[in-house]
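Next come the structures, one after another.
In what follows, chain A forms one complex with chain B and a second complex with chain C.
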Partner chain A sequence: MAFPGVAWLAIFFLVAFYAVVCVAFGNEDTLSQPVPFWNPLHWNAGYVLQVLGNYWHRGPYLTVSIRTIEFVALSIGLCLLIGYPVAYYTARHAGRWKGVVLLLLIVPFWINYLMRMLAWINLLAPNGWGTRMLHDIGIERVFIWLGLLSARGGWLDGQPSAVILAFVYGYIPFLILPLVVALDRIDQRQIDAARDLGASPFSAFVRVTLPLSKVGILAGCVLVALPMFGDYYTPDLVSASTKTSLIGNQIDEFTRQGSEKVTGAVLTLVLSAFLLLLMFYYLRTTRQATAVAEE
Partner chain B sequence: MGHPKDRSGLTRRQLVLGAAGGALGLSAAGVLAGCENTTEPIGVSGGGISGPASKLVVQRPVGPGGLPLPRPDNAVTWAITPDNPPIKDGRPPEKGPLNVYNYANYIDPVTVKKFEKQFGTKVQIATYNSSDEAIAKLSAGAVGFDVIIGLSANNICNLIAQKLVQPLNHSYLPNLAKNIWPELQDPFYDRGSRFTVPYVVWMDGIGWRNDHVQEDIAGMDVPWDIFWHSQAYRGRVGLLDDKRDALSMPMQRSAMHSGVRPDLNTEDAAIINAAGQALSQLNGICNIKVTITDFQTLPEAKTVLHHAWSGDLLAGAIYYMPKGTPSSVLSFWGPDQNGVVQNDLLIIGRSAKNPVLAHEFLNFFLDERNAYANFVNYNGYVPPQKNVDAELLIKQGLIPKSLAGAVVRPDQFAANQELLQLSIEGERRWDDAWSKFKAG
Partner chain C sequence: MINWLRNPWGKPRWLKLITIVYILWSIVPVAIAILFAFNAGRSRTTWQGFSFRWFTGASGSVLHDPQYQGALKHTLILAVICVAVATPLGVALALGLQRWRGPGGGTVNTVMLLPLVTPEIVMGVALLLLFLRVFPEIGLGTPAQAIGQVTFTLSYVVVIVRGRLTSIGPEYEEAAADLGAPPHDQLFRVVLPLLIPAIIASAAVAFALSIDDFVVTQYLSGNASTTTVSMLLYASARGAPTPALNAIATVALLITLATLTLAFLVYRRFASGREAAAVAALDI
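Up next, the complex of A and B:
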């Protein structure tokens, strides 16, 4: 029964991933093209050690990695802050409009990601409609006051806040949808029971709804975190400043051209290893949460 | 490396024309036979003359296979070998179809149609996104391209080392001697134009919006200084997203200050790192953007000051001006000497199935009228034709006077420098400095 899944995993993940590993543990020829070493017995750890040394000596790879983690964490936090109430409303209060609300949430995302980002670039240009509107309704002033925007109309001037907001905008539906499903599945009787036993609406939410939606929260976070960690085109499009350069940008720089394609492969491995740790945490927590829910 | 068409950014024109964006992902293919298994990168030590004789000459950087890396003071004549001879004189062109390999949107489809009509053939164009990608595909030998457009002098060593190109028979190319600048008839990277003819030329300089930037940049002692005094334009200043072009900019600046001729193909780690540190200062000064979309952002005033390829300003003026904005708001300055000029090439693939037709194609695009149509109707990059100059373009109302400097002159071409292939060790030093700067 598991064969299709195993075949899928083997073809689209294991083989590709093994190729990256063999490039990372391989070498370069005299044309600076990567030469993968397919036999693990021949692996060359030189490039991997070089990259790890860069991290150890607090080199530029560490700078971009820490920045990436910060940007992704902030983006996920904002996604949750915005997405949870939306998902909660959709699942529990939209009633017969639930389908319509879900459709409205998804419709903008029928448009290609890059097209949406390019649209925002025009909206947020110094004279763009979006910039003028944000100025007129005072949001621009709030951002400048908070230190998140350096000057009037400067949304695209290379602001970290612009990259984070673009991440949130670009990926939030992937967080909302699993959350809606998780919240929808919660048995109304459990919440009623909490209320009957004297819990206030807030207390019932914190003690019952929130823990029961933990699986959905985690699944949503994983779904948005994975693409965000590898994203390089969003910072390129909405900022292009070196101050918003992420690990994905470094990998793109190395692998697209130049003499350090193997280094690019090593950085890909480092990123994968980090994501693997997060995945283990996710799997462990979901298993525990499911076990608790079943008890 | 150094080519304006090595673009990762999506542009409106690419979207409008329905072209694909950047190439994604890692290519793990391309296993080359005979690789050694060492823990040091292969080829670090290079080659060159060895033994006692090596002490009698100044060592020059060497490229793949120990081939000399061409430099203006180290011109190279590539040998024509018996296993790869040029075609015979006086043969009729083949029926085609002609297979052309080119950057996306880098040749005028209307002019190509004209060629098809004239020779009763079809031209099939396949595209690449970077010179690296092109060379990797050509060396994989999958397809027999007749004509390859857009590679430049810095790729020539790789092309020759891997035997990917065939020698030209000049009896099919009368337009070369007739129309092309004398400076590019017998270039240092290919003496006698044995394997290549030039396609277009460009230079690195400064593009700006003269309605936003108050300073007289062209009148400054060292115009490059403007970037280090650009606090007023914070967030709207750009640097070319290309390690060679970008790092060579502060090198030119400091050489201009001290009145010396820089070596923009240096492999000296101290000079390269100093250039990287100088660029890093720009993060604080103007939060510099690292992009290659200046041809669009300058016309739209999303950036007002940009390190730029000359062709981008011309393309910007011709195609990208928003309604109501005259192209005279764009200005360009490029150095008369010690700056960066580049040209790229038309070459014929070694496994070309239509070599005579391919020669005709080259000759067709060396023709004055066809080269001009390709330039002004589509490409925006200047062909090195004797009769195309800034005065002519201004007179025809194609470009404003403020962009006269963006039309490269032959004397500038001679006094500036090309960014050329480095040794592997040298390349790595540039890569390291660049990645350090780009990490912010």
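Up next, the complex of A and C:
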């Protein structure tokens, strides 16, 4: 009974991914269309070496990759800063409002990501309601003073800060929900025990609650990191400038829009390898954390 | 209030404030975008009065402009195909995995979960190259888009159906077997009826995922005739479109919300609240 589904995944997931590998280790024809080499014995490492050489010599691929890591790291930091208190309140203090708050936290999942971005594009247009409000309450001035915004009302013309805030807005729901689950599971008696033994509320939080929610923090970070690393549409929509071009934009430009599909396939492999490492690290840390918690 | 002024750091007060501000921040911008779908003027930033012209007006509306009408129609066609293929395929795969005897079950299970953690751009590139180089006779366009959507929706269907299978347990099936029901009857007269809420819920989630999908659909699009609502939003959000863009996004949102609410209600009617909440949270 499993056969049709297994065959489907084999062809459209595994073979498709193998096609990326074979194109990356393949060649281009005279019309610069990719020619995959299906037999691993015939693989041509030329394009892969070219991309790795670009990284080694601090070429543009390294620049966009480092920028991607910076943007994602900052976005995740902000997501945690905002998301942890929200998750903490929902899981431990919402009381009879818990169901309603949870529902409100889930609502963004039901709204198309691009519509959520469209909402901000309308708000942050030069004469949009958001731009005017940020101007009136002085946030615009603070951003200009901090160097996070280059001109008045210029939120959407190539600001790294706008891309990071859009990332936070777009992906934070993915981080909050696993955190709520993790914080919800913590046994109140463990915190009470710490308090009874003389821990201050702060110390009880840092030494009991925070370590016990580590698995949820990590799960949330992975859930937002994976789509952020492959994102190209958010920078396109809220910035549309090469100053905020990320690895996703580079891949998109080479594969979907352009005719450098072989290089695009190599960069897709680089991204996949990086994310695979991240996943292994995550699985190992989670296993260790779970083992520690069970001891 | 006076209490709060006396001790603003008294525990959950500031947590409550952050949560309320967060929820407003996450929902109000979208509410404003929906409001502007009803703007009487051409602006998406200045309110000029209430009207339905961008939904049903004679020119440039979702209902009458060929570009918008076509995108909405194509989105719905893809969603229907996606549900029609992914639901039976996923239910069968879930049942198959549940009964898997012998080696390979673990591997299949891992591969089945991989699409959930693969960034969409990787799947997009992989499927693009597959349809360009391995199946050029399929090529890009509606069939490729439908296949791509089924590939990542399948995992969601399997996860939902397996959750329900686990909570049902093997007892009913064993009882049917003890009473002499042949395997065929055990499946069609015992297991499948018990699975109906999960099947409806997974079909709804597949429908919503298909409507909201962007990356895979865009990568496998052949030409302008295979533009979906999401692709239209991406292509024209930064241009100078009319509030019809907000209107078409609103229509798509209403369809998604109606589908998911219906599925949630059906599921809650049959299954426990916790399971239903898990399904609601799954639509990511």
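Basically, the second predicted complex is superposed on the first by the 278 of 295 C-alpha atoms of A that agree within 3 Å, B and C clash if a C-alpha of one lies under 4 Å from a C-alpha of the other, contacts with A are read in each partner's own complex, and residues count from 1 in each chain.
One rule holds for everything that comes next: a contact is a pair of C-beta atoms (placed from the backbone, for glycine too) under 8 Å apart; a residue touches a chain by one contact, two chains touch by 3 or more.
Everything numeric in this text was worked out from a predicted model, so none of it was measured.
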Contacts of A:129 with chain B and chain C, given as first, second, both or neither: second
Chain B versus chain C as contact partner of A:157, first or second or both or neither: first
Which of chain B and chain C A:217 touches, first, second, both or neither: neither
If touched residues of chain A are counted for chain B and for chain C, the larger one: C
Partner chain(s) touched by A:182 [first = chain B, second = chain C, both, neither]: neither
Chain B versus chain C as contact partner of A:270, first or second or both or neither: neither
Touched partner set for A:36, first chain B, second chain C, both or neither: both
First (chain B), second (chain C), both or neither touched by A:79: neither
First (chain B), second (chain C), both or neither touched by A:194: neither
First, second, both or neither for A:289, with chain B first and chain C second: neither
Contact residues common to both interfaces of chain A (with chain B and with chain C): 16, 19-20, 23, 33-34, 36, 114-115, 118, 121, 125, 127, 156, 236-237, 240, 252, 255-256, 261, 264-265, 268
Chain C residues touching chain A - in the complex, by the definition given at the top: 11-12, 14-16, 18-19, 22-23, 25-27, 29-30, 32-33, 36, 44-46, 89-90, 92-93, 95-97, 99-100, 108, 111-112, 114-115, 117-130, 132-134, 147-148, 150-151, 154, 158, 208, 211-212, 214-215, 218-219, 229-230, 233-234, 237-238, 245-246, 249, 252-253, 256-257, 260, 277, 280-281, 283-284
Complex contacts: residues of chain B adjacent to chain A: 1, 6, 8-10, 12, 15, 21-23, 25-28, 30-32, 35-43, 63-65, 130-132, 135-136, 139, 158, 161-162, 234-236, 238, 241, 243, 280, 283, 287-291, 300-302, 424, 427-428, 431, 434-440
Residue ranges of chain A in contact with chain C within the complex: 1-6, 8-10, 12-17, 19-20, 23, 33-34, 36, 82, 85-86, 88-90, 93-94, 101-102, 104-123, 125, 127-130, 156, 169, 172-174, 177, 201, 226-227, 229-233, 236-237, 240, 248, 251-252, 255-256, 261, 264-265, 268, 271-272, 275, 279
Chain A - residues contacting chain B, complex: 16, 19-20, 22-23, 27-37, 42, 44-47, 59-61, 63-64, 67, 114-115, 118, 121, 125-127, 150-151, 154, 156-158, 236-237, 239-245, 249-250, 252-262, 264-265, 268
